[in-house]
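These are the structures, in structure tokens.
Shared chain: chain A. Partners: chain B in the first complex, chain C in the second.
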Partner chain A sequence: MPGRDEPGFRRQYDAELHLLDRQIVDRDGRPVAKVDDIELAVRADGRLAVAALLCGPGALGPRTGGRPGRWTTAIWRRLRTEEDPQPGRIDAALVTGTDNAVHVSASADELRVDGLERWVRHYVVDRIPGAGHAD
Partner chain B sequence: MKKIFAVALGILTAIGGFVDIGDLVTNALVGSRFGLSLAWVVVVGVIGIVVFSEMSGRVAAISGRATFDLVRERLGPRIGLANLLASMGVTFLTFIAEIGGVALAIEIATSVNEVLWVPVVAAALWIVLWRVRFSVLENVFGLVGLALVVFAVALWKLDPDWGALWAQVTSFSPGADNTWTQYCYYAVALFGAALTPYEVFFFSSGGVEEHWGEKDVGTMRLNVFLGFPLGGALSLAVAAVTAVVFLPAGVEVESLSQVPLPVAIALGKIGVAIALLGFFAATFGAACETGLSVGYSIAQFYGWSWGKFVAPRQAARFHAVILLSTLVAVAVLLTTVDPVAVTEYSVVFSALALPLTYLPILVIANDPDYMGERVNGRLANVLGSVYLVVILVVAVAAIPLMILTRGGQ
Partner chain C sequence: MRTDPAVTGGPGVRHRISELLGSRVRLPDGSCPGFVNEVRLAGGPGLQSYVVDGLVVGSRVQGSMLGYDRREVLGPRVLRAVVRLVNRDLSYAPWASVRRIDWDERVVEVERLGPLTDERAPR
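Up next is the complex of A and B:
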């Protein structure tokens, strides 16, 4: 598949093998999410390019397929407040490099693709003494 | 000097950390019923765990990625999800068994029913997983677990007919009182107990957390090549003392409280105290490892932030999973289910889930994209492939054998 001429992306690569299901790591080296799906765009010259990385159950459900996939998507949809919820989206311009992981130039808090993490942090973990204590 | 100390510590904790409730119960039970005629399975199992731990440790050190992280990349979301559910289910079952094991060990020491201890043990366990440092957890329980060496000392003090024991080892047959299907069923159970999948999840995740690099591969190998076989020797010592004391008397080990009896005969009260301390440390340490492994596998599958090296609020979902699984484990144990029975099922289901864990490791360890020049050598690949066939056969045979023998009866 022809790729895009952006920093971080090689000109040409196999997105299925080198992008999908890879770990996304933020600028501090913390895991953010997996590349659950990708958004493709047609460039001016007619070739396909990766426009964004999609994360979360809303992106993973359709890729899982079958009943487990439908359930994943349905539960995620029900838990969202929006009329037509969209999966978490990381613009391809934020990608700084890919090796064993996909590195992005923002922090996890700025990306805001991990709704469940923030919910659990706010309502559960932060209420337990010692939640801010690292090793 | 400091380096030597660190290596020695690693080996010692690997020995103590190798033995868990599955090894204790299965080896004691098998020793009392089959003598040492199944000892070869422990040897085969230990070689298997060494081969695959070295591989997953090397993958963690070179690629910086833990096992479950890679499972999904190689298997895709659909089969990966099936794999996650199966592996997590088995690890969770083992987690329940370990908590029950700790409670049983305290029951033997205090004569207070284990069900009453379960909430106390679970609360202590959760506090340890929430607050105690990874290195403390690993070293303390690994080192105290070495108290199980008392079983080897007891064997030596019992001074059995060594020739007769060796004859059992080389008999490779179920003996007069048991059938071949029972023999095969317990072979599967021992194999599953030695190779439980959580061990590689925990081992590789720990490596990633401790930021192993290429230079740490040597130390990692020493720990695996020396520590695990010595841990396996401890398991065999447990089987041997029960074979010496219970087999001639025709007594079958059915509860954990019977396991220290041979030590009592050989070494008296002090021996029992040390054995119970060893039980406690081995099962509590394994409860920590399995509890973390449940969190590791789901967090790595979905790409969540995970680990003991960041504050809990930085890995909120990971800690929520650990808290939730601890609560559910307590609920299961409070139904008064027998922890020994849970253990017996957990080791057989482990055997069933083995191919799911070990096939992706073998594939990744051969992928130069992740491993560069540190891909598997010929020896690792030959052993890995042979074991994969063995693991497949064992996994296919596990459930039919369980049904045929009605769970080993």
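Up next is the complex of A and C:
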């Protein structure tokens, strides 16, 4: 494919165009989450390198900004049980390639980045009569 | 290429790419030609080896090329022309020209801006 140096990766990425809001797919082809933000780490040489993909309202809220973003973040914090909740984080080293989606080498269960979805499923959805038939 | 730690902060410091997107760009003469519209990454192999290669700068906070920055998207011509017109002022700040990033104030000081000559550029 033109513009690629190695299978699965582009020569260059425009972060917003090629990565943000893309679906993350696990090694079994199951959807995991969307790329809501990208974590950059300062390397020893001062360069900013991709460290991780961030997912969920804890990443999307601050990125959205304004009142909707603040509300999103506040509601997400309120629903989490941790004292200092952090957004879902997928280490960049787990990314095996990109196309229309971002592919990772782990399974969705191992990644555990859908904290809010799990919480809602456990405390809300599973308590609705008939929820056991959802699968 | 080594970057002065003052540009980005000390090793290990972490930021989000959304902190860069929309940041105001400032030139040495104090003028502000626009905002960071896109963050370009290059490197590899492996996503963890990609680094910020430069910043796409536009006069508006953010613009979208609606896919017309991809070579395979050519039509309809009218829409393509409109997108080109709206994004005609895009320029590029290579990483080597970035002098300092004020993460709190969301200001990126750059030495110079160059033309955007790759696939992102309006054609």
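Operating definition for what follows: the second predicted complex is superposed on the first by the 104 of 135 C-alpha atoms of A that agree within 3 Å, B and C clash if a C-alpha of one lies under 4 Å from a C-alpha of the other, contacts with A are read in each partner's own complex, and residues count from 1 in each chain.
Going forward, contacts are C-beta pairs under 8 Å (C-beta built on N, C-alpha and C of every residue); 3 or more make two chains touch, one makes a residue touch a chain.
Treat the numbers as computed from the prediction; the structure is a model and nothing was measured.
**Q** Between chain B and chain C, whom does A:Ala33 touch in the aligned arrangement: first, second, both, or neither?
**A** first
**Q** With both complexes overlaid on chain A, does A:Ile75 touch chain B (first), chain C (second), both or neither?
**A** neither
**Q** State whether A:Arg63 touches chain B only (first), chain C only (second), both chains, or neither.
**A** After superposing on A, A:Arg63 lies in contact with both chain B and chain C.
**Q** So, does A:Val95 touch the first partner chain B, the second partner chain C, both, or neither?
**A** Second partner only, chain C.
**Q** Taking the superposition on A as described, I'd like to know which of chain B and chain C A:Asp21 touches: first, second, both or neither.
**A** first
**Q** Taking the superposition on A as described, I'd like to know which of chain B and chain C A:Arg121 touches: first, second, both or neither.
**A** first
**Q** Kindly classify A:Leu54 by the partners it touches after superposition: chain B alone (first), chain C alone (second), both, or neither?
**A** second
**Q** Check whether A:Arg43 is in contact with chain B, with chain C, with both or with neither, and answer first, second, both or neither.
**A** Touch partner of A:Arg43: chain C, not chain B.
**Q** Which residues would you name on chain A as touching chain B in one complex and chain C in the other?
**A** The answer is residues 63 of chain A.
**Q** Which chain A residues qualify as touching chain B in the complex?
**A** Counting only chain A, the residues touching chain B are 21-24, 30-34, 36, 55, 60, 63-66, 68-69, 100-101, 108, 114, 116-118, 120-121, 124-126, 128, 130-135.
**Q** Where on chain C does chain A make contact in their complex?
**A** Residue positions touching the partner: 1-5, 7-18, 20-21, 37-53, 56, 65, 69, 95, 118-120.
**Q** What residues on chain A touch chain C, complex-wise?
**A** 3, 5-6, 9, 11-17, 20, 37-51, 54, 59, 62-63, 91-93, 95, 98
**Q** Under the touch definition given earlier, write down the residues of chain B that touch chain A in their complex.
**A** That would be residues 63-65, 69, 72-73, 76-78, 80-81, 130-131, 133-134, 299, 302-306, 308-314, 316-317, 319-320, 323, 370 of chain B.
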